[in-house]
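As structure tokens, here come the structures.
You will see two complexes here that share chain A, one where it goes with chain B and one where it goes with chain C.
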Partner chain A sequence: MAKLDIPLILIGALASAALLIPALDVGLGKARNAKFSGYFTLLILAFALLILTIGGLGLVPLDSSVPNLVQNDLLGVFFSFVVILVALLVTVTSFDYMKDNPNVSIYYSLLLFTSLGMVVLSFAVDLLMIFVAWELMSLPTFILAGFKKGDKLSNEAAVKYFILGALSSGVLLYGMSIIFGLSGSTNLNVVLNSLTNISPNMIPLAGFGAVMLIAGFGLKLSIVPFHMWIPDAYEGAPTTVSALLSAATKKAGFVAAIRVFAVLFPLLRFDLSMSLAIIALATMTLGNLSALTQKSITRMLAYSSIAQGGYLLIGLVVLPTSTLGLSGLLYHSLNHALLQATAFIAAAVVRYKTSKTSISSYNGLARVMPITAFSLMIALLGLVGIPPLNGFWSKLVLFTAAADGGFAWLALGGLVNTAISLGYYGIIVKRMYMDEPAEKVSIKEPFAMAAVLLITSAIIILTGIFPGPVFEFASRASTQFLSGI
Partner chain B sequence: MEPLSSYFLLSLVLLAIGIYGLIAKRNAIRLLFAVEIIINSATINFVAFSRYLQEPVITGQTFSLFAIALAATEAAVGLAIIVQAFRLNKDIDVLELKRLKG
Partner chain C sequence: MRRAVHTMPEALFLAVAVITIASAILALESRELVYGAVALAVSFLGVAAVFVLLDAIFLAVMQVLVYIGSIAVLIIFVVMLVRREKWVSMPAGKERILGVIASVSLLAFVGFVVLDSGLTETFISTVTPPSFFEIGRQLVTEYGLSLQILGLVLALAVIGALTMAKVEATRNK
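Showing the complex of A and B:
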């Protein structure tokens, strides 16, 4: 029976499409290609999603032709599914959002390249492959953040994001060099074997390497104290790109962190767990408290994204002791990606139609743009974790895992944070549904955007009412991964 | 001193210089230089480890070549963004970039 080599297929499909699209500018002419490239990107991403679904359901056995570089496992399939889904939603939203930009085909090409980087990163098990995929993921997003060339805010976001992003890859590379020096190999499985019988006087050096890796990953995962660039980048960048950065790039960073730390943990188990737990609590608290005082919706969502990163980090904290933590991380990644993408896309619709991002402009939105307001409400309530929505279940799993793993204070901190977060999510829902709009003229939402918002809201509600299948998938992926190391 | 520790010391010094540059400098191009210095310090590490391990392997050299190529692409993207910043603001002092705040 045929085996499915997902990374190979996706690399071929995404890379060739990404290279072809700008070239078609010459063949078709810029104006015609602007429309065509969007639909073509959508087609390719839908194809990728189909392949991942087939692989994830286990219809065809998975196999990799280069198992030393990329491991074709369910963990990779799960995260690739998340990032491709987000990229697909962002693409459809961009049909209208990017319509007036003269370089649309480049935009879609970069979108495909960064998706490719994230997919490869999800599967990579070699430090070299992780680093190359990391750069392939980061470089296009630097350009995307500054894609509105003449816009000073967009450019400022790109400069800040670039400096910190380049620092993150530099520091990450340094951490990798130390791991390589200690183990003599870059393949994570070999690294694991040689690090388990390392001489004790090398432990401090390994600790230094771990710190460098945490810093390098942390800059992308937006954990405290490496979060300063996030609000600026998310606010200044085109809002569709912010959706991609928050919902997809961050998740891809997490999968690399999972694979690397699963190797490092056996070496310095207790210290790393404890320090990650403190970082997680600091991240969620700081994110939530800062979000309370924001005046711009994209900035508020950026801080909320930081806070959610803190919840996700719980999964890494309990990685050595339980599979539940990792399942929770995966499950929350998918839910958070959906919720955050919906919220940012709703913000993009409002910005596209009214060119406003301030929270006060959301007064009475329910009467002006009912579909947008409804989806934004669903997304925000899901981000708080209101019971029938999917965000509730994944938070429940994460906090249970924390309490089981001996970090009861972390679970408690998470609950307190959830209560705080209700403050700023709730205020927007209140503004949208209870306050009077400034002008009572209803605005028509573009069809593609409204469709995306309705579909994502439906998924959020359905996976909230029937959480079984998604959680099943997440726990299968994490069990397979943890039994493999 | 044995060669490996002196190379490692060199890379640590370069890392420190890079981090100092990122903290103390305000010109965007200088920040880019600082990041490049950090990447190069890691590259030195890779080559040195690769040569002086108990069983020398070629992986480190390969990795360093990849790192050099990727650092170059990163510099290209970064310079493009910084040039655009200069066109818009007539200045590349990063402390003057403070429109996004809150």
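Showing the complex of A and C:
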């Protein structure tokens, strides 16, 4: 029976499309390509999603032709599914949002490049490959963040993000070089084997390498104290790009962190779990408290995204002690990606139609833009974790995993944080449904955007009522990964 | 200890390290940008010398070719083409002291970790360094996929840079 080499197929499809689209500017002419490139991107991403679904359901056995660089396992399939899904939603929203930009085709090309980077990162099991994929993921997002060239905020966002992103790549590479120096290999499996027999006085050096890796990954994972760029970047960047950064790029960072730390955890004599637990608590608390005082919706969502990163980090904290942790991380990654993408897309619709991002402009939105208001409400309630929405189940799994792995105080901290977060998510819902709008003229929501919002809301509600299949997929992926190391 | 045996490479390393770090500091601190650019090139050369000391001839060659041959020369060209009034000068404030403290403490920390791990002895490797041929072969066979991804990174960097640098006829919103 034929075997499916998902990474290679996706690299081929996404890379050739990403390279073809800018070339078509010449072939088709700019105006025609502006429309065509969007649909073409959608088609390619839909194809990728189909391949990943086939692989994820286990219809065809998975196989990798370069197993030393990319491992074709369910963990990779799961995270690729998440990032491609988000990229697809962002693409459809961008049909309208990016319509007036003179470089639309380049926008879609870069979107495909960064998606490809994230996909490769999901499967990479070699430090060299992880780094190269990391760059392929990061570079397009720097440009995308500054894509509105005439907008000062967008420029500031891009420059800030670029400098810190370049720094994080450097720090990451430093950590990798130390690990490579100690183990003599870049392949994670070989690293695991050779690091188990290094002399004990080399352990601090390995620990130092691990700290460098946390710092390098941490910038993309937006964990405290590497979160400073997030609010500025998310606010300044085109809101569709913020959706991509928050919902997809962060998840891809997590999968790389999972693969690397699964190898490093058993080797370090110091308590990496405890350090990560403290970071996790600091991240969620700081994110939630800062979100309370924000005046702009994109900044608020940015801080909320930081806080959610803290919840996700619980999965890494209990990686060595509880099998539930990784399943919870995966499960919450998918749910959070959907919720955060929906919230940002709703914010993008409002910004596109009214050019406003302030929270006060959401007063009475339910009467002006009913579909957007409804989807935003669903997304925000899901982010709080109100049952029966999907966010409730994944938070439940994560907090249970924390208690199960011996970090009951972390679970308690998470619960307290959830209560705090209700404050700022709730106020938006209240403003949208209870307050009077400034102008009672209803605004027509663009068809593509409204369709995306309705579909994601439906998925959020359905996967909340029937959480079984998604959670089963997540736990299958995590079990397969944990049994492999 | 056998420390005294390898005084020559140690002395050489020390000289290279001093030159590299001093010119790196000069590159950041010099008032005249052209001097800074030249100092940066010297610093790159120092790194290449470290690679030679480590028997990594291939890396040393690449370092000279890429960093000095293209990057440093490019920086010097840019410095000479763009008028000086266009450069933004940053006033030195408290951040400067904070930066010095942060970097010195990081240096102390790294130094402590390295010394603590027992990597204090100089030794001369008896292993033949891999040939250029072998490096090239592995790059296109074993690491072929990462090489291709790297190609994509370069392609997108060109696409992105062109888009960013292009002057639009009509400003977007």
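To be clear about the criterion, the second predicted complex is superposed on the first by the 483 of 485 C-alpha atoms of A that agree within 3 Å, B and C clash if a C-alpha of one lies under 4 Å from a C-alpha of the other, contacts with A are read in each partner's own complex, and residues count from 1 in each chain.
Basically, a contact is a pair of C-beta atoms (placed from the backbone, for glycine too) under 8 Å apart; a residue touches a chain by one contact, two chains touch by 3 or more.
Everything quoted here is computed from the prediction, not taken from an experiment.
**Student:** Once chain A of both complexes is superposed, is A:E135 in touch with chain B (first), chain C (second), both, or neither?
**Tutor:** Both partners, chain B and chain C.
**Student:** Would you check which partner chain A:S242 touches, where first means chain B only, second means chain C only, and both and neither mean what they say?
**Tutor:** Neither partner.
**Student:** After superposition on the shared chain, which partner residues are touched by A:S222: those of chain B (first), chain C (second), both, or neither?
**Tutor:** neither
**Student:** Just checking: does A:S109 make contact with chain B only, chain C only, both, or neither of them? Give me first, second, both or neither.
**Tutor:** second
**Student:** Could you say whether A:V66 touches chain B, chain C, both of them, or neither, answering first, second, both or neither?
**Tutor:** A:V66: touches chain C, not chain B.
**Student:** Regarding the shared-chain residue A:I143, is it in contact with chain B (first), chain C (second), both, or neither?
**Tutor:** The answer is both, since A:I143 touches chain B and chain C.
**Student:** After the superposition on A, what does A:L19 contact: first (chain B), second (chain C), both or neither?
**Tutor:** Second partner only, chain C.
**Student:** Let me check the overlay on chain A: which residues of chain A are in contact with chain B and also with chain C?
**Tutor:** 128, 132, 135, 139, 142-143, 146, 149-150
**Student:** Which residues of chain A touch chain B once you look at their complex with the stated criterion?
**Tutor:** Counting only chain A, the residues touching chain B are 127-128, 131-132, 135, 139, 142-143, 146, 149-150, 152-153, 155-160, 162-163, 166-167, 169-171, 173-174, 176-178, 180-181, 184-186, 231-232, 235-236, 293-296, 299.
**Student:** For the complex, which residues does chain A have touching chain C?
**Tutor:** Of all residues in chain A, those touching chain C are 11, 15, 18-19, 22, 66, 68-70, 100-103, 106, 109-110, 113, 116, 120, 126, 128-129, 132-133, 135-136, 139-140, 142-143, 146, 148-151, 199, 201-202, 204-205, 207-208, 355.
**Student:** Tell me, which parts of chain B touch chain A in their complex?
**Tutor:** 8, 11, 15, 18, 22, 28, 31-32, 35, 38-39, 41-43, 45-46, 48-50, 53-55, 57, 59-60, 62-63, 66-67, 70, 73-74, 77-78, 80-82, 84-85, 88-89, 94, 97, 99-102
**Student:** Can you list the residues on chain C that touch chain A in the complex?
**Tutor:** Result: residues 109-110, 113-114, 116-119, 142-146, 148-150, 152-153, 155-157, 159-160, 163-164, 166, 168-173 of chain C touch chain A.
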